[in-house]
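These notes open a run of structures that come right after.
In what follows, chain A forms one complex with chain B and a second complex with chain C.
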Partner chain A sequence: MTQFNVLLKKEWRENFRNYKVFWIPIVFILFGIIEPVTNYFMPQILDSVGNLPDGAVIEIPPPEPEEILVAVMGQYQLIGILVLVLAYMGSVAGERKNGTATLLYVRPLSYRSYFLSKWILASAVGMLSVWSGLLAAYYYTFLLFERVDFTKFLKFGATYSLWILLIVSLVLLMSAVLPNAGLAAAGSLLLIFVFQLIDGLLGTYWTVSPLKIPGYAAQWLLDGPKPEDFWWTAGIGILLIFAMILAGIRSSKANASKTKV
Partner chain B sequence: MDQTTLVLLLLPIIAIQLGLMIFTLVDLVKNPNPNGPKWLWAILIVFVNILGPILYLVIGRRNY
Partner chain C sequence: MNILEVDKLTKRYGSEVAVSNLSFSLEEGTSTALIGPNGAGKTTTLSILAGLLKQTSGTADWKNHSGIGFLPQHPQLFPWLTALEFLEMAARLSGIAAREARSRSIETLQFVGLGSALNKKTGTFSGGMKQRLGLAQAIVHRPKLLLLDEPVSALDPTGRREIMNLLKSLQHDTTILYSTHILNDAEEMTDQVLFLRRGQLVEQGSLEEVKARYAEPNIRIRFQDVRSAAHFVEQHNWNARVEGTSVLLPLGEAGPRMEEVLSVLSKDATAVSGIERQQATLEEIFLKVAGAE
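So, the complex of A and B:
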């Protein structure tokens, strides 16, 4: 347990010193604010850049507040995931490259604490970012448009958090399996986007798949997904997270025997 | 839409962007060994909105 605390402290210090604890949430907050504001100014923006003939009238119905929160989630699906993947691609792979890993491997190291400490810190930063970003978006939507039911918002945020945890676990697993940080990032992004594409194309044939978590999160803002489908999906998502953590622990152990001094 | 509300609305966005930019620039100046030429990073950070500072923090600092 003491070893775990030490490793956790090391991870915290690393995340603090390379400023990940600050800038990742700030990027999420920025995108959370920009989305409602651009939606609010959409008529003026179209006016100034639209290059429309004189007298053209476009009637844009004001967007529903729920739609804006879903749009913010859409931003996170692309840029948020990219930021998280790039920030944590080197968690294990980078340490192997710069030698920190070798320093750790020569000690009687519990690989469970080693991997879990990384996972906990990365997930904590991910959660902090998503929640502060979504809350900023919620607040701005409330100011500029209407109030979204807060319970619905909480359900939406909680479901989306599960998806972010899934992403973080995948990145850490890839970082432990693949030999360098670039490959880890490429691998996880490829997996995420290819599977999302498959699910988007053929997903109508099944209702339970961890890739539908963001979709179900968005549905919480409207009528809510079918409880049965949702709970099966969430359950599979949680199992997948556990499986990826276990696999990550195993492959960081395997890395130790492959290290060259 | 009067001018003050507009400014108040955009203020947090501008503050965050400027803050991120200045913070990243200070870090770049202090960084003895960035990944790539310093002047190029400076241009990227100042002129590429949001993405420039992010890219520097992720790739330029060599902290992975």
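So, the complex of A and C:
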């Protein structure tokens, strides 16, 4: 526990002093605000840049507030995930590659504490970012459109948080397995892309899959997913997170000898 | 009493042998220099002993693993931590309790001359300061065995002298094994030398033993002036060489016997100001060992 506390403090200092605890949530908040604002001002935007003939009238039906929150999630699926992957790709691989890990590995280090401290900080920053971004989106959607049922919003946010935890776990696992930060990022993005592609092509044949988590999160804003499918999916997602943490601990230890001396 | 016993230590990377059948021991409270050309296996050996690398075969038995301190050649520090935060973290990860870790860290930083930089971020440190902090993290938990990989090679002469003085002051309480290219420093602080070449231990022993093994039976005869020295060389066909006012003369198979030389010199002793036996320097031994194939 002592080692875990010491390493957690180290991770906190790193995330705080590298401003990750600030700039990552700010990116999520910005994307959370941009979606409702651009939707609200869409007629004016089209009017000013649309180059439409005089007298042309375009009637855009106002989007449902739930649709705006789903669109925010869509932004996070692309930009948000990219930001998290780039921010944490070097967590383990970077320390090995630049040699800073040498002065840790040379001590009687608990690799469980080492990996878990990184996972907890990265997850905390991920959660802070997603929730502050979604709350900002919720508030602006309420201001500019209508109020979304808060219980539905909480279920939506909680389900999407599970997806973010999966992404964070995958990035850290790749960082522990692969030799450098660039490969860790490429590996993580490739896996996310390939699995989402497979799910997009063949996903109709299975309803229980961690890849369905963002879809189920969106469904909470409407009628809600089928409970059995959702709970099985969430359960498998949680198990997968545990499995990736365990694999990350093992890989950190197994690859410790690759640290630059 | 031996603190470390290394027996037939071997490290292979595929078909390449980095360290081969290395055997040696370190006596408690001594300092040992690991000497060899680049690629000789020094860093690999130290990395195995520090627990960073697993050997392919052989054993390295030491009394207490947590009692090891390791300084890499270029210590990489976390640039966003202050010197004190970094050292406290190192101490605590070595098992020292929080309060003691703080006091020991301050004490150690003062010992290595960083007392005024406690709260400076390590990212702003010069090379010499990084090396000092690297040394501080290696000794903060008061290890019994200190492993240092080229501790002074990246430093300027002043920094080198300061670190060497620090290491010398640690000698009494700690067993030190260090690799080096700076052979003058090795001569200054060595009880035992280990010469590595292509991963193999090719020479081992106390500094005196090794020097004696490589001692060439040369004598240096000092004359009053250059003319006398040149005259001496011209008169005798002994393969001698004039070096200023001195003559360097090989004895034995390559030259005359000592008695013969003394007999000649006694005939005109007024021109001679001194005679001394030449001893091989560590650098000369290094060049011989490194060059031998």
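Convention: the second predicted complex is superposed on the first by the 258 of 261 C-alpha atoms of A that agree within 3 Å, B and C clash if a C-alpha of one lies under 4 Å from a C-alpha of the other, contacts with A are read in each partner's own complex, and residues count from 1 in each chain.
The definition used in the following text is that a contact is a pair of C-beta atoms (placed from the backbone, for glycine too) under 8 Å apart; a residue touches a chain by one contact, two chains touch by 3 or more.
Not measured: the values here are computed from a predicted model.
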Considering only touches as defined above, state whether A:L197 meets chain B (first), chain C (second), both or neither.
-> neither
Who does A:M89 touch here: chain B (first), chain C (second), both, or neither?
-> first
Considering only the touch criterion stated at the top, classify A:I58 as touching first (chain B), second (chain C), both, or neither.
-> neither
Touching A:K260 in the superposition: chain B (first), chain C (second), both, neither?
-> second
Does the superposition put A:I45 against chain B (first), chain C (second), both, or neither?
-> neither
Based on the superposed arrangement, let me know which partner A:K10 touches: chain B (first), chain C (second), both, or neither?
-> second
Using the superposition on chain A described above, determine whether A:N18 touches chain B (first), chain C (second), both, or neither.
-> both
Should A:L239 be classified as contacting the first partner (chain B), the second (chain C), both, or neither?
-> neither
Examine A:I26 and indicate which partner it touches, taking first as chain B and second as chain C; both and neither are also allowed.
-> first
Contact residues of chain A, present in both the chain B and the chain C interface | 18
Complex contacts: residues of chain A adjacent to chain C = 2-3, 6-7, 9-10, 13-14, 17-18, 98-100, 102-109, 256-257, 259-261
Residues on chain C engaged by chain A in the complex (per definition of touch) | 43, 46-47, 50-54, 65-66, 68, 70, 72-78, 80-81, 85, 89-90, 92-95, 134, 137, 149
Taking the complex as given, what residues does chain A use to touch chain B?
-> 18-19, 23, 26-27, 29-30, 33-34, 37, 40, 44, 83, 86-87, 89-90, 93-94, 144, 181
Please name which positions on chain B make contact with chain A in the complex.
-> 1, 9-10, 12-13, 16-17, 19-20, 23, 27, 50, 53-54, 57-59, 61, 63-64
